[in-house]
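Order as written gives the chain letters A, B, C and D; numbering starts at 1 within each chain.
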Amino acid sequence: MSQFFMAILIIVFGGFLALIFARQAKLMKLIAVFSLSAGCLLGVIDAWIKLMGSDIHTASFSFLRVFSLGFQIDGLSAFFLFAIFLVSLLATLYSFHYMDHAQAPLRVAVNYFFFSLLIAAMALVVSSSNIISFMFSWEIMSLSSFFLVIYHYESAENRRAGYLYFVFSHVGAMFIFVAFGIVYGLTGSFDFTAMGALTETAKYLVFVFSFIGFGSKAGVFPFHVWLPHAHPAAPSHISAVMSGVMIKTGIYGIIRVYALLDCNTPVFGYIVLVAGVVSGILGVVYALGQQDLKRMLAYSSVENIGVILIGLGIGMVGVSQGNPLMAVLGFAGCFFHILNHSLFKSLLFMGAGMVLHKTGTRAIDALGGLLKNMKITGATFIIGSLAISGLPPFNGFVSEFFIYVGAFKGIALGETAFVMCILAIVGLAVIGGLALACFTRVIGVVFQGEPRTSAAVDVNEKGATMLISMLILAGACLFIGVFPGTLIYMPMKAVSALGLVYGNIPLEPFYRMTGNITQSAMILSAVVLGVIALRSFFYRGKTIGKSGTWGCGFTQPTPKMQYTGSSYAGSILEFFSAAAPLTIEHPPISGRFPLKTYYKSRINDIAELHMGTFIVRPVLFFFDKLRWIQHGDIHLYIGYILLAIILLLFFI
Amino acid sequence: MVEIIFLAPFVTGLLAFFLPKTIGRQLLVGTGAIHLILSLLLWKNRSVPIFENYFAVTPEGLLSLLVISLLFFLISIYTMAYLKETDLKSENIFTGSMLLFLSTMTMVTLSDHIMVMWIAIEATTLASAPLIYTYRTSASLEATWKYLLICSVGIAMALLGTVLITLAMDVGNVDAPLSFSALTGVAKDLDPMWLKAGFVFILVGYGTKMGLAPMHTWLPDAHSEAPSPASALLSGVLLNCAYLGIFKTHKIMHAAGLGDFSGTILIVFGLMSILAAATFILKQKEYKRMLAYSSIENMGIIAFGTGIGGLAAYGAVICMIHHSLIKSSLFLSSGNMLLGYKDRLIENTGNMASRMPKTFVAFFAGFAGISGFPPFGIFIGELFIIVGAFKTGHYVAAGIFILSMCFIFAGFANQVMKISFADFINKDDASTDPKKIADPAGTIPFKEKASLVWPQYILLLTSLILCFFIPDTLYQAIIEAVTAIGGGIK
Amino acid sequence: MIHPVDTLLSLVLLSVLFSFGTSRLQGLIKVVAFQGIVASMVPFFIGHDMSAGGVVFTVATLLIRGIIIPLCIYLAIKKVAIRREVEPIVGYHASILFGLGLIVGATYVSRQLNLPAISEYLLVTPTAVALLVTGMFFLIARRNAIAMVLGYIMMENGIYLVGTTFSSHVRHIVEFGILLDVLAGVMIMGIILQNINKTFDDVDTALLRTLKE
Amino acid sequence: MIESVILWFLGILTAPFFSAIILKVKAFFGGKKGPPLLINYYTLIKLFKKGSVYSNSTTFVFKLGPIISLATAVTVLMFLPIAGYNPIFSFNGDVIFIMYIMGLGRFFTIAAAMDTASPFEGMGAAREAYFPIICEAAMFMILIFFYRLTGELQLASFFSGGNTLGLWNMAGAPLLFIVIAFFIILLTENSRVPVDDPATHLELTMIHEVMVLDHSGPDFGLIELGAFCKLFFYATLISRLILPFDFGVPAFGFALFVLGLFIVYLAIGVTESVIARYRMDKVPQFVLTSFALAFFAIIISLEFIK
């Protein structure tokens, strides 16, 4: 454990140093980046080692004399720790050049301080083993990430985002409080392991409450409202960390609670699976409709959380149906996707950050043709998009493949499970298709074609550390996609840490699957090479002409004429208009000499709409009705005293 | 010679009325220091008082005494700087009443005789009334009037309650000194009906002072009209003193085996207070009133925890300590805000993060602490209260509790975001309001002196440290106090 | 035979009734003074102890309750020439009816309570209760600030009556402390009253409704 | 193994030829003579001889488009059991791999189209992104159906040897639905009438053709070849489904398979000749019918497998 805590100490210490040296911006940044990345590196190595080994590390500190802060690192924790430290490491690297022309050095220092706190808190969350330490680190995590979200607090939009996030995280924490309160109330122990001893109904309650609580952090569909506001608001390396790993702590919570409850009812599986399918499909649909690059990425995180939950649900159903292969496949796919998503989502956010940093805008329809000047950014972004669409030979495909196979295993099962598996498979298929549409849209509109506004005209991609971390991530995506076998043991360790009844899982069948993937990836690349060879053979000694795009007879094409992202997505959104109502603002063209008109369209998140109408407004109404209490008339006030006494005297 | 602790400030207070400003300020700080030292000494060895059937050194008393003297010392330092910034017409009255206030509150913590306790608490009302009327405005006058009358009436009820307890002794014909400790001993023999009646009156009486809904009505007015150091004292310490009275009576009830009766009442009033706080925080327009309502909320939390007992009672005491620390720091920060923005309305504040960074740090940290975020102690307290509530099977109560906490947080956070980050200069009506034209650049004519921010920092730091390490003596005292009402770990 | 205390107390009850009816503040003050005097004399008659200390204490109480406190209020009024109306929220006739009902109810209640300590004095508890409730009534049902203060004093008198008659436990010193508190309270209230009158040149509490949500 | 490779090669070679049949049929319905059956070969050769002109707005992605689309199509054929022979490669779950490989191809076709900054190509790309979503869902439905029957996840176990016949024996009636569903998917995926009209001259109404407007020379040739292979893939599956019979004599089985292919291409030709292109907003309903059919097939099949 000592290395682990050492890493955390180094990180937090770095944060403090940043505050101390806030005056000299350059020095401060150097120190902060160095110590943070050093800590993260140590953490990654430590997590890797723990993941290799199979023994469980524990540590416990006495707290307020009677209580204790317990920490425990098993396979599951180690797996998450690995992802957390890895992504944080790269994000820290990235931040070095990203935070360069930030306005006030003090603010940057504060940002680094809370960033370090966030990393530490996330690490502690996934490694704490009793209620107190868990809630403690959980709240620290929420608080620090809140400060990171409102980094650019000048814009009202970001303030609103911060507020939403703050409230959601607190309310979510309250739900978790309830769940743990039930646990403590019935067992009288703060220890996580006590959960196993609960009664059946209590387990249901605990699971549901904690699912809501953790779901609100993870961004599961109805509770995701804060996410698309908060992630764009934060600086991009923060968004990368938040979207890449922080929301995964919610998933961790769900998995951990499930494992501890150790109650193999199918219901849990069904809940998780349905939630997964819903948030997966709706998430990607909303993503398709976004006009803000980072918002779109945020929604795609909702989608990927959905995919992860589908895998989890498959696993749970498999457990409840006594189908080991299905269970392990589902869980393995879930874990694999957690890792993969943390890689390619942070990659994409970094790419978006680069775009934002250089062009100064996040509006998709304002960009275009960036690929010409931002080769590396563009290429890595394309790789990220391929990966997130789950296309071979990239890592997204591997996890989805596992989940698919697991789900198909469930087809052979009885009624409900069968329906659930159909739901999962079709859901995954639709998600895949939509994701493809979504990311082709982004690439096509942002990186290809011609610049739509002056913002995108002559840009560059300076900033070595930013490029490096993006390249590393892109490389990782490709590597895992081609050689998943090399990393298969990581999710497997996590799965075996769930304490399923199967003892130690035989890795052989999974190695065969990954082997097949590798083989087919090889085939594909071979064929591609062959075709390239063929092409170059055909082009040998040919004249390559250059000219404008063929305008189908139209002679003066302008960048304005390009297909915009909105129009690209239009027809698909129409199909989903029930779940994603589209508000269109478009004064009709009228008169013989029509005046200038415009077209604005915005996609509405039904969860957000209904939160307003069904929760916020009634609550405010109720409390407004109560406000007359403080009426200002002293006679009334003295009357209250009398009233209180008289009422109480009845109970004597 | 315990009595010296409240006699010293009494004397100095009387002196302060006749001394010129500057000396008065020094006197304030000096007395604060002496008081702190004295109470620390008392903490070291719990010497017996001279009039031992009137006064006694009880664990809960010691706890609040320590809190009082620490707070008063820091607040007095702040007050010195604060008085420099503002020009009060009758400053010596202010300082004098501050000191008298201190002495009366100290007396409350030390008093053991129920009547003496009543005298002391009534005396706190009288001593603090001038503080609220410091600014001599019509609003402050109204606030004082309400404070004085409502609290007097409430406390009269408490007096009746104490009388009824003596009656309970007569009816149960027991003969014992009228001290809490003695009564706790003979509680079994007291006549339950009259005891219950006594408790009801005392709860409502002292509850008025403590700010439990629906008797809380004076609290927001008084807190918002009083100068901020006074508000800090009122909400940081005075409420605890009133709570002490209830706590001790609850102790008797528990000893008499009527713990459930009083506990249930406490829970109900606690929840009502929290709901009331939620009602008014959600759309609050003045930041000082908002803080006042948050005090009501916290008093509700404390009452709730006390009523539930068990681990929750432990949590309640922790909440009490940390609430005093954090809330007083918040009120001191609000004093800076008033100096800076010259206005109590939230809509006329804004962008504190860049205008008054030091104050902002204190204020936001205080907000985080008060709404139960680690690493501040209230987090621990609330955690214990919630799990304790579940432990004792108060599921519905816990549900209401948590729900209203969520609402309060939503409202509070909304206002705090406006104060800290929103920029009122950019508002479209900026041209209409002269106040906003006054500082077009958004800069404010106010320099954050060290002595205007360090007290807050120290208070918060104390809370932060107490969240991790709790000195053994303190821990013992808390446990001792809590076990008397059937609380404690497990 | 009827005990002298009871005759006195019956007079008090009568004064309570009168106070409901009166519209003049002076009258009200006189009533309060009278009640104070009686209240402080009652223990002298019931007499737990006839020691010198007891006597001194009773006299002191009588001075404060019966003379000083009403005097404060009276001066407060004198200083500020204000309308002598009590400005009722509830009308006089209704008040009188309420008063009658109150006295009956009080007597009934105190029959129910049958307290051992003072069972031979029939009217002590009813009077106490009556005074209490009357005080409350004035606090709730009179807009005039001075009337409210008077109500508070009345209530205090009632509590005092209850307290002294029941409790043989409480030492005089403690009671004296209480008395001082009340005195100080009333004095401060007097000051506040003057200030209210200065700022609003009226003591109608309807003007004191600005602080609200 | 070796014959699989040969078959694979043959498939690629003959794909253009079979596509020509469609043209012939359409010509016949139009009462014309129509182009020769080898027309596609001539076109390809012509294209491969030419050079290319690239738009100024394009990047390397534009060049990558044709390569990837052909490569994916060819790779897919490697996993395809032709004429009931085992494919070159096959593993459990290769179906999923195939689907996603096709997705990869589509990704780059779209990307290449968006690269040209041409509004028309964007339009086509949007449609290309839209309709296959439903197709994929339908395909997976069919897959679920097959899995329900066989418990396997590889094409070989559905289409090679006697397996297909086994499917018919197990659940004949639902399989009919599946065939129709497959045919609809074929039409959509290969952008034939009634989803798309390859022969039209109005760019606004095109899907696939408009996306490749800017490609010229060998690049365009590669794309065309890829399209032929893709069509061949679907046609093979359907032909195997409609004529699953497997006599001992290899030649006979092979002939049967070719016959099946002829039937499929004829069917496509006939459809193109008799049905008009749907309005774009009607297309989703049309594609959804295939999904519905597959779904029904599953529901019914629940009765067969107990």
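As a convention for this text, contacts are C-beta pairs under 8 Å (C-beta built on N, C-alpha and C of every residue); 3 or more make two chains touch, one makes a residue touch a chain.
Please read all numbers here as calculations on a predicted model, not as lab measurements.
Contact with chain B and chain C alike is made by A. Following the contact convention of this document, C is the list of chains adjacent to both chain A and chain B. Centroid distances from chain A, each centroid being the mean of CA atoms, peak for C. By C-beta pair count, the most extensively touching chains are A-D. The distance from the centre of chain B to the centre of chain D, with each centre set as the mean of the Cα atoms, comes to 77 Å.
Separation between the centroids of chain A and chain D, computed from CA atoms only, is 36 Å.
Distance from the chain C centre to the chain D centre is 101 Å, each centre being the mean of its Cα atoms.
Chain centres here are Cα averages; for chain A and chain C they lie 70 Å apart. The set of chain B residues that touch two or more partner chains comprises 145-146, 149, 153, 220, 280. Residue positions of chain A touching 2 or more other chains, listed in rising order: 627, 629-630, 634, 638.
Multi-chain contact residues of chain D (touching two or more other chains): none found. Every pair of chains meeting the contact definition is listed here: A-B, A-C, A-D, B-C. Within the complex formed with chain C, the residues of chain B that make contact are 54, 113, 115-116, 118-119, 122-123, 125-126, 129-130, 133, 138-139, 141-146, 148-149, 152-153, 156, 159-160, 163, 166-167, 169-171, 175, 177-178, 220-221, 224-225, 280. By the touch criterion given at the top, residues 63-66, 131-132, 135-136, 139-140, 142-143, 150, 153-154, 156, 159, 162-163, 166-167, 170-171, 174, 177-178, 180-182, 184-186, 188, 190, 619-620, 623-624, 626-627, 629-630, 634, 636-638, 640-641, 643-645, 648-649, 651-652 of chain A touch chain B in their complex. Of all residues in chain B, only 145-146, 149-150, 153-154, 157, 193, 196-197, 200-201, 203-204, 207-208, 213-215, 217-218, 220, 261, 265, 275-276, 278-280, 282-283, 353, 368, 371-375, 379-380, 383, 386-387, 389-393, 398-399, 402, 405-407, 409-410, 413-414, 417, 421-423, 468, 470, 472, 475, 489-490 touch chain A in the complex they form. For chain A in complex with chain D, the touching residues are 368-369, 371-372, 378, 382, 386, 389-392, 397, 400-401, 404-405, 408, 411-412, 422, 425-426, 428-430, 432-434, 436-437, 440-441, 443-445, 448-450, 513, 516-517, 519-520, 523-524, 527-528, 530-532, 534-535, 538-539, 542-552, 557, 559, 561-563, 567-572, 574-575. Across the interface of their complex, chain A is touched by residues 89, 136, 139-141, 143, 148, 205, 208-213 of chain C.
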